[in-house]
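Before I ask anything, here is the structure I am working with.
So that you can tell them apart, the chains are marked A, B, C, D and E in the order they are listed, and the count of residues begins at 1 in each.
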Amino acid sequence: METNSLLLILILISSLIPGILILLLDEAQAFQRNFLNLFGAVAKVALVGWVFVGYMQGETYAFIYGLAPDLTFALKADKMGLLFAALSSVLWLVTTLYAIGYLKGGKHQRRFFAFFSLCVTSSTGIALSGNVVTFFVFYEFLTLSTYPLVVHRGDDKAVEAGRTYLWYTIGGGTVLFLGVVALFVLAGPIYFGQTEIIASLVSENTLQLTLIFFLMLSGLAVKAAIFPLHGWLPISMVAPAPVSALLHAVAVVKAGAFGIARLVYDVYGIPTSEELNLLTPLAIFAGFTIIYGSVKAFYQDDFKKLLAYSTVSQLSYIALGVAITGVLSATGAVVHLVHQGIMKITMFFAAGNVAETYGFYRISQLNGIGRKMPLTMGAFTIAAFGMIGLPPIAGFVSKWYLGLGAVEAGSYWVVLVLLASSALNAAYFLPIVYRAWFCEPDQKEVLPKYRGPFEAKALLLIPVVLTGLFSLAAGLFAGSNYSPLAIAREIAEKLYPNLP
Amino acid sequence: MDILIDSLLAILTIYLAFRCMLAPKLSKAVFVFFAFGLMLALAWIRLGAVDVAIAEAAIASGFMGVLMLDSLRDFSLIFSKNQERLEETASKIPIKKDSYHWTTALALGLGLILFLLISIQAIWEVPQGGGLTAIAEANLPMSGVEHPVTAVLLNYRAYDTWLEIGVILMGLLAIFAAGGLKQYRKPGLAPAQDPLLRKTILIFTPVLFLFGAFLLYFGKMGPGGAFQAAVLWGAIGILLHLGGWTVFTVIPRRMRQILVTIGLGFFMILGFTQMATGGAFFEYPPAYAGFLILVVETLAAISIAAALTAIFAFLTK
Amino acid sequence: MKEFPTSALPALLVGLPMLLATMSLFFRVKGRALLGVLGSFLVGSLAFFAFIEVAKYGTIIHILGGWEPPLGILLRIDPLAAVFIGLTAIIGIFISLYSWWYFRARIASIGRFPLFWPLWFFLWAGLNGLFLSNDLFNLYVTIEVITICAVALAVLSGEAKALKAGLRYLLAAIIGSMAYLFGVALIYGSTGTLDLNLLGEVLKPGNTKTFALIVITLGLLIKKAAFPFHFWLPPAHSAALAPVSALLSALVVKGAFYMMLRLWTEVFEVSLTFAAGQLIGITGAAAVLWGSWQALLQTNFKLLVAHSSVAQMGYLLMMFPLLIMAPGQDADSAEWLAPAWTAGIFQVMAHAFAKASLFLSAGIVVMALGHDRIESLRDLVAWMPMTAMAIGIAGVSLIGLPPSGGFLAKWMLLKGVFLSGQWWWAPAILAGSLLTAGYVFMLLRLAFAPARVKDPFRPVPKILQVCALLLALGSFLIVIPAENLIQFLEGSKSFGSGIESIMKGGGYGNE
Amino acid sequence: MMIKEIFIVILLVAGCFFFLAGTLGLLRFPDLFSRLHALTNADNLGLGFIAAGIALYIASPWATVKIFFIWILTLLSSATSSYLIARFQREQEKSKNGEEE
Amino acid sequence: MKIGTYEIYSLTSAILFAIGLGGVFLAKHFLRKIIATIIMGAGVFLCFVSFAKRDALTFADPIPHALVITGIVVAVTAAAFALSLARRIHKLTGEDTFGNEK
């Protein structure tokens, strides 16, 4: 096998093998487990970095294995996939650190970390998959590997949440399956990027193609939590903080959003999608979800639930960006994929820290928490400002591009949606920030569960600070050549070769 | 004249089959079943299938009938007046009872009649296939026996027969399995019986043995053969069992095992030997075919007889 | 048939298990188990060897007794048979290993069953005989061998419940084989031959053949527990001992399916119409929906798994409508035949692995709990992670989620359905998947839920759990060599062939 | 030849008559013992006549011996079985009477 | 239409099969169900042998005869097994029908 194909396999294996090995370990072998985990995570980051650099220098990376006649397992690196893979692997490393700290002394760590690894394997698999079938395989694998994480707590509430999660995702998976098979039958094995195949079929199979698009879209929309298929997301907040972080920032929801981007950009292609009028409904649903999510978030008192609804809202920015044609909005969509991930993970880490250290789960308990945990809340504040869209933080960049894109495409209602959503974001994030920094603590002094040199466990603190810095850096250095923005821009320009 | 006899026999057979199903008392149904078997045996003879007639009379009607009869006692359906009445109401096909709604019964009946009509039409139209008589006859000299049915059973389609001997052994094991395991080691002791019965049985034993041996040997050139002989020999065992001689407790365990498996085992070993010497499975060297077939038949008959005895002894416990 | 190489292999494949079964009668309980395990490896390696030979030389035949058909009987291994024999061998080995430990565990409710080993090897001989057979009547004998052994194994526990289920099973099976034999009689009467190959050449359409086809198909449908005739399966499979349930649902029901596949594609091509295929498909779809729905309602683990067998066997039947061309379609240019066949074969394999694993897991659960009420599976994940995982993995394969064998089967089935234009099967396939997901995750949900009692599970030997887990993994691993396997299968005559529903010779009336 | 055929016919008719009588007795007689009586007596005799007729008809010494054996064995078995039935019935009645008293 | 031995018995065979089939489904008592399966079998075997009679040359076709002997033995073995199951069930539970349970 060539080195280049081997590299892709290695990226997957770097988390798959630790996952399997961890399952075989004993519950008590914490050191070995952590070592395997971290080793896999670091290796994955390194490998993705290697491939990324190689790809930028013009190498090609592909791996194909025939499962059955015309049913192939294909991995292929392209820019969008690599961007997502990089996001997953970096955030996995961070989250692993966090999870080790968070779960220390907890039960069933073996199971947790094993499935955690499998989850990231599928997430990178989704990023690197080269055709629709492979994408679908990893997409479903992701569902399965996240289920044990969602129900990790094992109490009745968690189990119920797991059930809801499964009904949504398996149902979505089934619909997606139908779409994928139908597409396969109509157009043969489609590799990502071969938009000309569909384009050549449009004239004769308009109805079928429209139907297939919406089948696949509704399958993907479940994970992307687009209204009305978002119901599982707030409920599965019962999972431990690292899981929520990973679930909401990287793995599951992003898989859906990434899938939608793939579907529109690399399977149907923008010209075809426009010709079939597929994007307007998507834009409308996405726009509605943005407002809906924000409004719902406004009424939440549970910290994590609030973040969950915020995620529902923020994710649809990506779908919206995909649905609006134009280089700028495409840039906005792709870059928001990364930026939202970094910011949201920061917020979840922060929420987890607060909960873990002081046992606070509600926003009303957060008075004056900023003074007790300045680093945590500092990172949170950065992320919150980013979400609202204040410069120079990452969120501003993506919103700016989305807005510009909307103006460019002439969809002024989208600008309204963005403005309204920003206002709502501010309305529910700013009170938290205000409470944290400016309100007096409650009368009853709550003692932290943790005592030590820092405000929280070091392993919990480092990740949140890191990601907070990332979100700041992504905005500050957006102009540099290797920033997510620059890469997103390249991707978008490639999608619209005819535009300036 | 032929038609008259045949039609009479056919009508009688069908009537008896109906009685088997519809007789109000189950015990009566079992007795009718005996008669049915005998009629059927006559029908086989009318069709020129003497081998089948013997097999039918001996195995399907005789052996099975005896088992049925014995089961009647098990189900306490004979020898007790109360049970008889109880059973009368409970076990016949309840055409007018509430347990079937009449529409269901009607639908089932209509479906059955429809099926019957279709099958009659299908059978009526069976084209002349020609059968394999000619080929069987042409190859008869090479088969080692003179009777075509034996040739088919032990040579042309020896594989089927081998499996069939296996099936009997499996049936025995299956019956053991159904009976729960604890009884597996100790075959039952029959109660001491009437002296006259014992005397009669003793008289019959050599006769049966002789006749069985005759059938076995005669199978080479005419109707008869391993299965028919086996049932006669099995009958010896059954009779002895009924007479209070517990055949199976006398014979040591190892011996019992050997008796039951030797037919299948020898047949199989023979097949393997044939393969080892370059032939096919069950390909007899033509010179010894007749002798080997006789040996196989004898051992098979012994095994089957032992199995039948064991089945009976085990079931009547 | 002379063009094929002959070899002793086919005869050995039947003879060896038979020999082992007979031999095992002479051993005491412990020796019997040892012989059983060693013997299963022996038969397994023979099957493996046969597989290799078939891959090398193609179809291998063995003319029994040196008498060529139509007078004699012919055994032949073509790739299709080789795959089934190989499948039987792999699952057989695992189940043998499992049974060894299962019967060694001296738990009062399990005990040791000396009759298991001989009966199991007789069953194995019957299965191999069935897969190898090329003769209508011989098929009857082998299927009777299978029936008797299967029922005997099913009632091994000697409980009234099992006995009753076993009697029901036996009666259903006898009706099935009698119906089958009735069809065989008609066919023999009208053609004078029993050999499948010769029959395929000489059979002409006509009322008789159509009727024979109907009774044979009905008989086989009863034997494989197709929808309206499935009544016997759930009680029989759920009341048996764990390894036996695994054997019954993984292998035994496949025998009747294999026969039906062979007979439809090799013998009865002339009598089949498009409507016949649709009818079979409808029973399949009904079985999928009904079986899955019933499984969802069960409160006992084994009953749930047994009902799921009814549903999964339904998927197999849905392959038949695709094999029969609608009027005007040409079998040579039909591109959905290969997917349909692949779907069938992979469904057989994936179901065999997954179902065997599920029943073995059920056995472990019963061993640990003393009963199999689903409600008691709580906290299984923490106590027996391997078993929980086996249940999960096997369940995922049943649902048909990627990358399992079940996924490949359902993918191919859906593909065939769309390619052939018979899209109306798709909803049933997907609804079946969803319902399957429903009951599989019902199990998993409980497995993750907290236990209500302290120390709910008794310890169970690890090796049992490993067996179940490996079988479950098997249902995923079969996907890896899929392409090679399909290439291998293409060497058999019937694989990928379709049936043109033109009534050759004018439709009605004989000749 | 004529005489032999007449003999054969007479024997067969006589045999059939006894069978008929035995069957009638079986159907019409009131209790078990008299039924048995009718059946065994008449049937054995009827069978004897028919056997003799057939033996005469075939007119081969070996066949005659075989037919004779058939008759003897039937006699033996029917006698034994009717004896057993009768004995069983008597024991049943005895035990029933015993219970009633 | 010629009516001969073959025709009469082949028709009988169909009727016997139908009686047996109906009996297995409709009869309630185990014993009667088992008898019904044997009657079904008798129908099938009669069908086989009547063909042998029809296709007879110098002697009747021996193949069906052999098949039927095999068939009878197999069928009787199965029936005996069924009988043993039925008796065992009766012994354990006192039931002699499947009852109304599903």
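The working rule: a contact is a pair of C-beta atoms (placed from the backbone, for glycine too) under 8 Å apart; a residue touches a chain by one contact, two chains touch by 3 or more.
From a predicted model like this one, the values you see are computed outputs, not experimental measurements.
Placing every chain at the mean of its C-alpha atoms, the farthest one from chain D is found to be A.
Among the chain pairings, B-E comes first (most C-beta pairs in contact).
The distance from the centre of chain C to the centre of chain E, with each centre set as the mean of the Cα atoms, comes to 27 Å. Averaged C-alpha coordinates put the centre of chain D at 31 Å from the centre of chain E.
Centre-to-centre separation between chain B and chain E, using Cα means, comes to 12 Å. Centres computed as Cα averages put chain A at a distance of 68 Å from chain E. Under the contact definition stated at the top, the residues of chain C that touch 2 or more other chains are 71, 137, 141, 144, 148, 151-152, 155, 158, 163, 166, 182, 186, 188-189, 192.
The set of chain B residues touching two or more other chains comprises 119, 123, 126, 128-132, 136, 156-157, 160, 164, 167, 170-171, 174, 178-180. All chain pairs that touch, listed by label, are A-C, B-C, B-D, B-E, C-E. Residue ranges on chain C touching chain A, taken from their complex, read 338, 342, 379, 381-382, 385, 389, 392, 396, 399, 401-403, 407-408, 410-412, 414-415, 418-419, 426, 430, 433-434, 437, 441, 444-446, 448-450, 479-480, 482-483, 486.
Partner chain E is touched in their complex by these residues of chain C: 71, 137, 140-141, 144, 147-148, 151-152, 155, 158, 160, 163-164, 166-168, 170-171, 173-175, 178-179, 181-182, 185-186, 188-189, 192, 194, 231. Put simply, chain B touches chain C in their complex at residues 118-119, 121-123, 125-132, 135-136, 139, 155-160, 163-164, 166-167, 169-171, 173-174, 176-181, 184, 254, 257, 260-261, 264-265, 268, 271-272, 275, 279-284.
Residues 79, 194, 196-197, 200, 203-204, 207 of chain B are the ones that touch chain D when the two sit in their complex. Interface residues of chain E facing chain B in the complex, by the touch rule stated above, are 3-5, 7-23, 25-29, 31-32, 34-36, 38-39, 41-42, 45-47, 49-70, 72-81, 83-88, 90-91, 96-97, 100.
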